[in-house]
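Each of the next two complexes has subunit A plus one more chain, namely subunit B in the first and subunit C in the second.
== the complex of A and B ==
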């Protein structure tokens, strides 16, 4: 492509580019280019946001091309003087609905043509401050035969706050609406306010407590890229090992919770015990069971030693032996199969339409796996083959976890067999000098799916904007669709089968 | 005679504890002492009640009625050669509708709270009770037909005198009663007493608004209900013993086995899909009809032709 008609900058995962090199398009060009790109099946939008610049708003869209490991970055500038009104892209590309709602909420930009610009999370820095969380505009159907059931935001179990509103005809759900934002903490804002690298790193670890490794990896990727630090492949492998351990641990816990929700006592308890084996290993490695303080920018305080390797081998064998035995029992138990099978189905077409990522996509026959499509050096060295299931129901999500655990263990074994952890990795950087006026994007396949962190620097290399996209952002919609025409009593297992993040969404 | 309710009541105090302990043991946990539910109830009895402002006197009176109906139903249960405290021809109908009346009050109270959840639970509970009723009556009617008696005491005392084949009927009846007991006590596979998910609850969601004294009454009544079904099962299986002590020992053993099998059933099986519950419950009635037909054949009411 010649530079004269170049419409976007091309990056690799964990790459950075000077903001001056991203062509600023007119909205017409921008929208037609975005639509053209996203109509291709191998492309999907990883991030789309706006941030204030002098005299106006700058729009940035990141579109990942799965076949060639590329990420296209497009931009557009909307001056203050112009009416804050842009034609919506959602009617053409449905998956963009949540991004446009977010831009509308934060910056007050109107998107004519968008079906319903509902608030996303009632951010503190939202444009319309007069609107409170209690004013949320719910979808309603007027009928004498229907009733509404509201659940939350305070729940009976140990889950995060979220409000679910069902429109039901007897036991059947016609429509489910999920209202989030109760846990909004202003993470992106905090990221800018905190000045030291360590503080920011800790903020990144806390984006979603169950995805500590995933989010801190994305943070490290962005920072290292902006500072121009090349990390050794060995360090990236160590990080990937941590990422896979997190995946195994959370998947095991989810299988246990799914058993709890269908009152299968044996599975609920034993899978719960098995998770402990994995997180205890993580603790012995870095001192925290959830992997906090494991990932640091530019190096690590907890190098993976040969002793660790031997212990990991032992832990994995012990874990696998019990896991296989119990999974064999659980996944073939007629009452369990009967409970999970054929409910909460999301079709492949729906999954593509709403832009699901990660597990929620792979269970519905859509291959979205950053480890395969935009691999970091570790996954380039040791290839990972994603698991994709065709059906899209609760059982698929239940089964996907088992298969992914198997796959992750196999991957870890391959790494343990071939990687030599000879040189202890560098110690982390205390401070970084970031490249001025640059943009960096990092994609990480956390256990839930694709995590996208984007950072922009200003004139003197100071962090100017930080954007986080958790996989839950799109996937909550899949849960809503799952519930259509389902019994209301099937909601909890559907919710658990996705196990989406509330705080990752609320930020 | 007076002893029957006493032993049933004693069993009811530890019954939920034994079930919970069994479930804990099976998955390798230590589990709480079997008397823990009893202690919990004592603690609750010492507490006051909290009433929601939307509720009326129905909500407040329901637990007492629920407890008293179940307590009264307990008086109809004979133990082997020991006749029941209250016994007359046709007493099983009174027994069944006493339980139904208690349940009706709980359903009314749940509706009284005006909560979306409780209405849902009440709706389910009413539906399942409706479906399980035929199974109970058909089983008892088969017994009545076989023995020509219609009170619990006479029915059980004459059950095994008439024909050897009655054991077959007894086994079938025990199977059906085991599941009726599970349904009536809101256990697996129809309901899950341990769940924290309001949307899947049946019985638990109906008592969500109860606290303190009222809650203790309800839990105590649930325990008694279990023990009542255990006692009925005991009466089905065992021929009358002349020795009172032997009879008592067997009674406790049967109750213990019953509690352990409830715990085991709940450990190795997942819950039904809510939509499949009605079908599953009706299958019990189908089984009961099978028993009824067998009785008709045994008693010569139906003669099979070659």
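== the complex of A and C ==
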């Protein structure tokens, strides 16, 4: 990229750049550049948002190039004097649909040509307050032969709220539309309003409780980058250990709940018990079963000691022995296979089209894994080989979990065999001085998939804007597509097989 | 069949025999204790990200505390988090832990109607509503029913419909978008009924207490029967709190 005709800034994961170095393009240039970039298979959009600047809206798009570990940052500006209208890019690049919807909801910018410009989460600071959460414009089909089934927001279990609207022909689902937003509690706004580093860290921990480590790692990534702190590789390895433990724990719980849904009680109970082993290890490390307070900026209060290493070895072998024995039985059981096989298939082409990330991509033959494509120092030192499955059905999602657990255990063993935890990591920073007028992006492969946090600073290094993207932003669409032409009774296993986040989406 | 029996055998006995007597090992952070040590009170107060610490006398309000342990890291001679997981109470003032007073957190049994014990003592069915929760309290409420904790042995279970329920367990700071759904659910539960707040977010709003996206008006009009502090509360905190309420 020469200095002439520079269209975008180039960052690495957890990198930062001065906002002045991001060229501000005209919308035409921006559109054609974004479309050209995103037509290549190795590129995908990790974030696209707008924020208010003096006299208008500044738009930032982050496009990750998986082959060379680059993140391209593009920008354009919409003055408030011009009509708040931009031609939609969604018809050309379908995966951008959710970002444009979000910008439309927050800032009231119209996107002519967008086929589905509906509210995203009914955020408290949305542009159009006349529409309430109960007024969501569902898609309808007029026919005497069809009926609609509405479920939620409150569901029949201990689960977060969301509304599912099915259009059915008899038992067959023609169309499913998912309305979210019920959990919206103003995470991004709170992030800006809270003034201390620790408060913001706690907000990041509360984005999604089951991904506490993933989201707080992304937060730590942007903060350290903006403050110019280089953390030691050992600390990054410790964090990655926590991240892999979170993955093993939630994957195990998901296998257990999928067993519950097909009434396989042995699997449901014992996989559930096996999860306890892992989360209790996390508790013995940091005092909280979900890893809250584990990740802090610049250091940690809970260094991974050699004593931890010995106990983790023991926990993993105890876990693995039982997991392998039970999985060996469960995954061959005709009654289980029968319910999962060829159900809820999302094709590779669909997965790419809607821009799925993480597990929801890898189960459909699409390699999206930040650990391999934009690795942090820990994954650079100890390589992780992603698991990709070809088929895209419920069984693939069920199997992917088993394989990823195996892979994560092998990775943890490699780390513990080779990494020396002789010196405890630094203690956390109390306060940080952030670089003024800068932007930082952090990508983390949480157990669901790619988490993206973007932070912008203003004059004097004050936090000016904070954008969070949970993998569920993309992946809810995959659940909707999965349900097409299935029986409505197949919804629970499909929903569990994705286990997407409501709170991470609603923010 | 033999394979299944082997698996069960290898898994061994996993349930906790007596949930009322089990302790959670350190470094779990349970009920804090505050010594009479003299420290820089202002610094202590300011280090708390949740504004849960007040001074003269130094006290920690567990209705606001999220058990991050920051005060104990900064002032280890002043604040110590014990592993006492018994934190639930029916009186919000019992959640105030003052310096030098290291007593347990208990329920005010005199404030519990007799009929609660007779009607719910052997069977309590609850409806859970997540109202802006971050899925961590929900995670632990689910864990209460798993084979380790097996809360069902006391007749306490979560049910699908508010019409079948004896009470509502709320998690999350109560988002504006969930406020109406929560009220409808609460109204649908037949009396006598219990209103239980689980986790710091539900009790005080937690880190989101000042957020404009909340609507906690329902909480002003409903008598709370049980506060379960924690972020999230440990399953033993939840189960023992419920048992002390109904037994």
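Points worth noting:
Definition applied: the second predicted complex is superposed on the first by the 507 of 507 C-alpha atoms of A that agree within 3 Å, B and C clash if a C-alpha of one lies under 4 Å from a C-alpha of the other, contacts with A are read in each partner's own complex, and residues count from 1 in each chain.
Just so we're on the same page, a residue touches a chain if its C-beta (ideal position, glycine included) is under 8 Å from a C-beta of that chain, and two chains touch if they have at least 3 such contacts.
It should be emphasised that the depicted structure is a prediction, and the values quoted were computed from it without experimental measurement.
With both structures placed on the common chain, the touch criterion links A:193 to subunit C but leaves subunit B unconnected. In the superposed pair of complexes, A:269 makes contact with subunit B and with subunit C alike. Looking at the shared chain after the overlay, A:227 reaches neither subunit B nor subunit C. In the superposed model, A:25 lies in contact with neither subunit B nor subunit C.
Shared-chain residue A:492: touches subunit B; no touch with subunit C. After overlaying the two complexes on the shared chain, residue contacts for A:242 are found with neither subunit B nor subunit C.
In the overlay built on the shared chain, the residue A:203 is in contact with subunit C alone; subunit B does not reach it. When both complexes are overlaid on chain A, the residue A:98 reaches neither subunit B nor subunit C. Which of subunit B and subunit C touches more residues of subunit A: that partner is C. When the shared chain is aligned, subunit B comes close enough to touch A:148, but subunit C does not. In the superposition on chain A, subunit A positions 156-157, 266, 269-270, 273 are in contact with subunit B in one complex as well as with subunit C in the other. Per the touch definition, subunit C reaches subunit A in the complex via residues 3-4, 6-8, 10-11, 14, 24-29, 47, 49-50, 66-70, 73, 81, 128-143, 146-148, 158, 160-161, 172-173, 175-178, 180-181, 185, 201, 206-208, 210-214, 231-232, 234.
The touching residues of subunit B, counted against subunit A in their complex, run 23, 26-29, 116-117, 120, 188-189, 192, 194-200, 266-276. Subunit A meets subunit B in the complex at residues 147-151, 156-157, 171, 259, 261-266, 268-270, 273, 333, 335-336, 338-339, 343, 487-492. On the side of subunit A, the complex with subunit C involves touching residues 122-125, 133-134, 153-154, 156-161, 181-187, 189-190, 193-194, 196, 198-199, 201-203, 206-210, 212, 266, 269-270, 272-273, 276, 283-290, 292-293, 301-302, 321-322, 325-326, 329, 501-503, 506.
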